[in-house]
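The data blocks that follow each hold one structure.
In what comes next, chain A is part of two complexes: it sits with chain B in the first one and with chain C in the second one.
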Partner chain A sequence: MRGTSPSVRPAGPGRAGGTTTRREGRPGAARTGAGRTSRGARAERLAPYVLVAPAVLILVTLRLWPLVLGVNYSFTGDGASNGTPVGLSNYLELAGDPLFRTSLRNVGLLVLLLPVAVAIPGLLATFIYLRVPGHRVYRAVYFFPAVLSPVIVGAIVTLMLGFDGPLNAALGMIGVGPVDWLGDPGTAMFTVVGVHVWATFGMALVVFLAGFSTLDASLLDAARVDGASLRQVVRHVIVPGLTRTIQFVFVTTMIGMLTSMFGLLFVMTNGGPEGSTYLPEYYIWHQQGQLNRPALASAASTVLFVVMLVVGLAQITLLRRTGRLD
Partner chain B sequence: MPGMRLARWVAAVPMAVLALVTIYPLVFTANVAMKTRRDYVLDRFAPAGSPRWDNIAQAWAGAGMARYFANSFVVVAFAVALLLLLGSMAGFALSRLRFRGSSVIYLGCLAGLFIPFQVIMVPLTRIMADTGLVDTYPGLILAYVAQFLPFTVFLMASHYRTIPPEIVDAARIDGNTVYGVYRRIMLPLGVPALLSVGILDMLFCWNDVLISLLMMPSPEHRTLMIGVNALRGQYSDDIPTFASGVLIAAAPVLLLYLFLQRQIAEGVTAGSTKG
Partner chain C sequence: MKRRVLCSAVMAAGLALAGCGSAARTGSPSGNSQQGQQKLVVWDWKSGEPAAATYVEKVKADFAERHPGVTVEFVAQPFDQYYTLLGTAAQSRKGPDVMLFNGGGQIRDRADALLPLDPYVAQDRSRLAGWDAFTKDGRTYAAPVTLQGHPIYYNKTLYEKAGLDPANPPRTWDEFVRACSAVKKATGAACLALGNKEGFGIQFFMSGLGSGILTPQEYGDWIAGKRDWTSPHVRRIFELWKDAGDKGLNSAGANSTAMFTDVFRVFESGRAAHVIGLMSDVGHWKDFGEFLPPDKIGVMTAPVVTGGATPSLPYDGGIGYAVARWTKDPRLAADLVRSLTSADALTAFSASAGAIASDTTIDVSRAGPAVAAIVPEIRTGRPALHVALSSKTLDLMGRLSQQLLSGSTTVDKAVKQLAAADRAS
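Right, the complex of A and B next:
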């Protein structure tokens, strides 16, 4: 997903054959029987396969095979018509289901908010990199919620967002609110996304900071000597130097938004109010676990997978093009 | 660049506010956990006069957090151990051994990295149910291993690629078998990566919601995160006890973060700079 396809560098000269000759070269080794040596050589040849076998077995049976199986399920029926092919009827049902439509609309909202979710950690990382007073503390503090489970974050935030909770109390002091953060269908999704961004931007921040550490400091100094403004430094030195990091953050932030908000939804809203905070992952879980519609859920899974592929590829193409224009 | 210096100070203000906003919820929760129910209802913001630990004790013993904690602990310990073992074995073979099919296998691992759990959760649950692994510890452990193995293999392989192949060659000339090289050279040299990948795997497993929700339906098998949510329903009118449960669930990660923040950050960024 990073533009260049990862190259496998199979390690120096292979050794599988070498051992045999060397053993036979040793005095006395030939007499201990060619059988043992060749058995040893075969064991050596097989060793790489033995080392990768458990991982391959698990990945094939529990990741790749289910993917095939799931696409297959999505064209079969639920309940009475369990297992029989039903063509596209699951997909048609999805298209007609207002809850699924809401969940896709919410995905659209997430994609629209993506630049904000990337810009915030990018900007904060820039300031930390430029050594804002207290930058070490900020880095440690901002990163912290990112290591907490969404359940913990959701539970704590629910306490904060209560109608008579701290946030409304603080807003009351400046004469705003109170706001029903999670009870109003118009605001609930924004609240959940806001919490997600707040809780996870630390990850992107740390990635940005790692990218900054690879920047050429002399370029920055040169810009400084030439009297460049902060905006010019960001635009002409920092952004071009961080193209790959920015790409990486875009893609991972999007994947995070589409696949790791379940915990927050589960704890904070249960998809409500009025289904306004449904996302495909919550829909899939609900259809499968609660309503016993695995085939329909599989169709939703397939749609989610396609959406992620499309958005991911579109992002990479788009970012590459803007990178070239700059 | 005078503009820059000014901008730095201007930026420091919202950044400090954001830092406070980030820390305050945790402080608030900890404070609530120390209060009696009556104190909470009367004034939820006032600092708890004298810290009381009976809410914590109630959540730990009375509400079954101890059980959930033990479940999470066992599952995460086994899952991480397996992940590191299988991940380092495969990572070594894929980065430092030449054999037919290695590039296909490596690409397969990478592909596994981009299959989200949500996309395979229905068939995976069915496979687990068909093999009798649903609602068992091995089932959840296996599900975690399958979920985080691609990431683990990928990071271990990229770490092993930084180890000069000459070291492997020298060990082979000294008469080590491939397994000997793995055990005597690659495992010890892999410790830094094993540590940072292990910490991340631990966090992923410990923090997971969806997988354990699907794989462990019965209440006595709940992991800690599912338990916390159950606690909310049980103690909806007793917020201090609920806050105590949240605190118990957050404590291990909090401690891990205080001591190993640098390693966690390194693990997160390894994926972005390597590969």
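Right, the complex of A and C next:
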């Protein structure tokens, strides 16, 4: 905090100085009652800074300063070498840790699965919008999981998906061998992502429905009159009309996937089996909370921060570009 | 533009500071040790349970007698978050004065935040057992409350159904496997209830069966830190683990079954004949008693796998109370630790919470046949094998054990990786 406040303050006087010079250049009129005006003008000039100060202070002390500290810690050692600068060795350790590499690979997998996670609510919202029989019930049913906490969802689903659980029993009845949903490294990550999508797509569905309400109904009617099939209606009328909504859902789903899977992972897999469901945030928690390696955890956080920054910037650029096309 | 300036300022500050300061606070003596302190804060994950109520009462009464005017506040933390919270407290050097720890890696990794207790607890040394789990480099950092170990429990009802003598459990590995196939044939129950979702199954397996695999000499060396990972007997532990999986001795879906507490339900409900359980807290005689009648719960020693091995009960100090380095009055806090481990308090704890207390002078005759079988073994028991390993090695072992079960790695590769991890820590 000490380091940052001077960098904010000098800007005030500097600016103020600049304006006064300009004022002085103006002819006579402003000079009458100079004392009062200049005090009032100074107050007016300072007002914006005073008004934004709380927000800036909160951002700086609670966001930026911890960020700087975290980056800083990532260059120090753990345990016996606590507090001593170790250069890049934490980052080298991360690069050499198969578990961390798995966690980054899983981030990549999440990005790849993103279109699926957006398509599901989009498709279901379309059906509701087109008034399939029972659409009112579906609207409530689809939204229902969104009100449950990830811990509750995780606990319930873990019970359902247990090796000797009800789902495998049902599969057994129709003659399909039991699947170790959460115990097989090949399926566990997909299971967790599937559950996450199921638990959160209600929100995206609502956003889609809101988007539909802005859709011009006359376009749809026109398409129908012209004899367009359902697929053609979706392809040529609904999707173009919802570009903005789809973009928004893409961004929010991405953020949700990358930042709020911890609860599910914690309850459903503990990062296992064989470390196959690790995500960076789980890795960070594990190193800091379980293995007592705060500096290594800081390094992993920094890497995660950079990844999120890159992904976020890429999305913003993408959105701007498509926005311009509109 | 302005944002770019701000960003580069942050970057510059970050780079300028890079590598200074420390992620965890460096030790500096906390002053004011003699300033009259009126309150001691204890952190644990036990005191909130109704079963611990009498224990807390007795501790408070005992301490109040010796230090009237000092209040003791128990703060029960959720166990899932306990060490994360403790780590945060340790970094800010503001936290509890006295705190509960699991023995082994959990306390050793955090010893630099703790006060050595040796001068304060000298009088309790012979009365209590299990000190080793709270000792690092010859210094004791906590006083044991319970003993934690890994007896092998078996279901006598299933033995009877299979025509086996429940009073005479198998003594060698071959007999054990034969008994298992008899049980399987007669009742359909698996041999061993195994939960390895968190990677704990291998720890229980290693410690529960280790004394029947390693020779006494190897066992002693392992505990003393001279671990020979190239020894065929060490390799045998992991071979046996893989074999048990391959031959279908384990309960189904071991890698997705949680040790706490799904696997104990598997044993209780008679779906497996044996389980390598615990002595205290959960997964033990009292816990099983909810579903299995106490006289149907047997306790056996590890079956002998290699000739020359002498099976013994693997146990260590389970949980114990430590004093934070930053406490204002170390003597007072250490005195509270003595109250926390007084004979009276421990009697109350073992009776209501279901634990084998560290105080071996406590009368356990009313606690049932399983306890009666465990307590005499404490004298000859030895520290559990997995407790000697660092948390990092244990973490790796958990993942490798899952790979061994699923067949995605070999015993040789796993042992090699573990040896490297063990040497590094």
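Criterion: the second predicted complex is superposed on the first by the 254 of 326 C-alpha atoms of A that agree within 3 Å, B and C clash if a C-alpha of one lies under 4 Å from a C-alpha of the other, contacts with A are read in each partner's own complex, and residues count from 1 in each chain.
Methods note: a residue touches a chain if its C-beta (ideal position, glycine included) is under 8 Å from a C-beta of that chain, and two chains touch if they have at least 3 such contacts.
Quick caveat: nothing in here was measured; it's all calculated off a predicted structure.
K.L.:
Does chain B (first) or chain C (second) touch A:Pro150, or do both, or does neither?
P.N.:
A:Pro150 contacts chain B only, not chain C.
K.L.:
Mind working out whether A:Pro294 is in touch with chain B, chain C, both or neither, as first, second, both or neither?
P.N.:
In the superposition, A:Pro294 contacts both chain B and chain C.
K.L.:
Should A:Thr76 be classified as contacting the first partner (chain B), the second (chain C), both, or neither?
P.N.:
Once the two structures are laid over each other on A, A:Thr76 reaches chain C alone.
K.L.:
Scan A:Gly241 for contacts with chain B and chain C and give back first, second, both or neither.
P.N.:
neither
K.L.:
Is A:Gly194 touching the first partner chain B, the second partner chain C, both, or neither of them?
P.N.:
A:Gly194 contacts neither chain B nor chain C.
K.L.:
State whether A:Glu281 touches chain B only (first), chain C only (second), both chains, or neither.
P.N.:
In the superposition, A:Glu281 contacts chain B only.
K.L.:
Quick one: chain B or chain C, who's touching more of chain A?
P.N.:
Here the partner covering more residues of chain A is B.
K.L.:
Identify the partner contact of A:Leu64: answer first if only chain B is touched, second if only chain C is, both if each is, neither if none is.
P.N.:
both
K.L.:
Identify the partner contact of A:Pro185: answer first if only chain B is touched, second if only chain C is, both if each is, neither if none is.
P.N.:
The answer is second: A:Pro185 touches chain C but not chain B.
K.L.:
I'd like to know which partner A:Pro48 touches here: chain B for first, chain C for second, both or neither.
P.N.:
After superposition on chain A, A:Pro48 lies in contact with chain B alone.
K.L.:
Let me check the overlay on chain A: which residues of chain A are in contact with chain B and also with chain C?
P.N.:
64, 67, 69, 73, 266, 285, 288-289, 294, 297-298
K.L.:
Would you tell me which residues of chain A are touching chain C in their complex?
P.N.:
3-4, 7, 64, 67-69, 71-73, 75-76, 78-79, 82-87, 99, 161-164, 178, 180-185, 266, 269-270, 272-275, 285-286, 288-292, 294-295, 297-298
K.L.:
Contact residues on chain A for chain B in the complex?
P.N.:
It is residues 1-2, 6, 8-16, 18-19, 22, 40, 43-45, 47-49, 51-52, 54-56, 58-67, 69-70, 73, 124, 127, 130-134, 137-138, 140-145, 147-152, 155-160, 165-166, 169, 198, 203, 206-207, 209-211, 214, 224, 227-230, 233, 245, 248-249, 252, 255, 258-259, 262-263, 266-267, 280-281, 284-285, 288-289, 294, 297-298, 301-302, 304-305, 308 of chain A that touch chain B.
K.L.:
So in the complex, which bits of chain C are touching chain A?
P.N.:
Contacts found on chain C: 9-10, 13-14, 17-24, 26, 80-81, 83-84, 87, 91, 109-110, 112, 197-199, 252-257, 262, 391-392, 395, 398-399, 402-403, 406, 408.
K.L.:
If we count contacts the way the header does, which residues on chain B are in touch with chain A in the complex?
P.N.:
Going through chain B, the ones touching chain A are 1, 3-4, 7-9, 11-12, 15-16, 18-19, 21-26, 28-29, 32, 44-45, 86-87, 89-90, 92-99, 102-103, 105-112, 114-127, 142-143, 145-146, 149-150, 153, 161, 165-166, 168-169, 172-173, 177-179, 182, 203, 206-210, 213-214, 225-226, 228-229, 232, 239, 242-243, 246, 249-250, 253, 256-257, 261, 264-265, 268-269, 272-273, 275.
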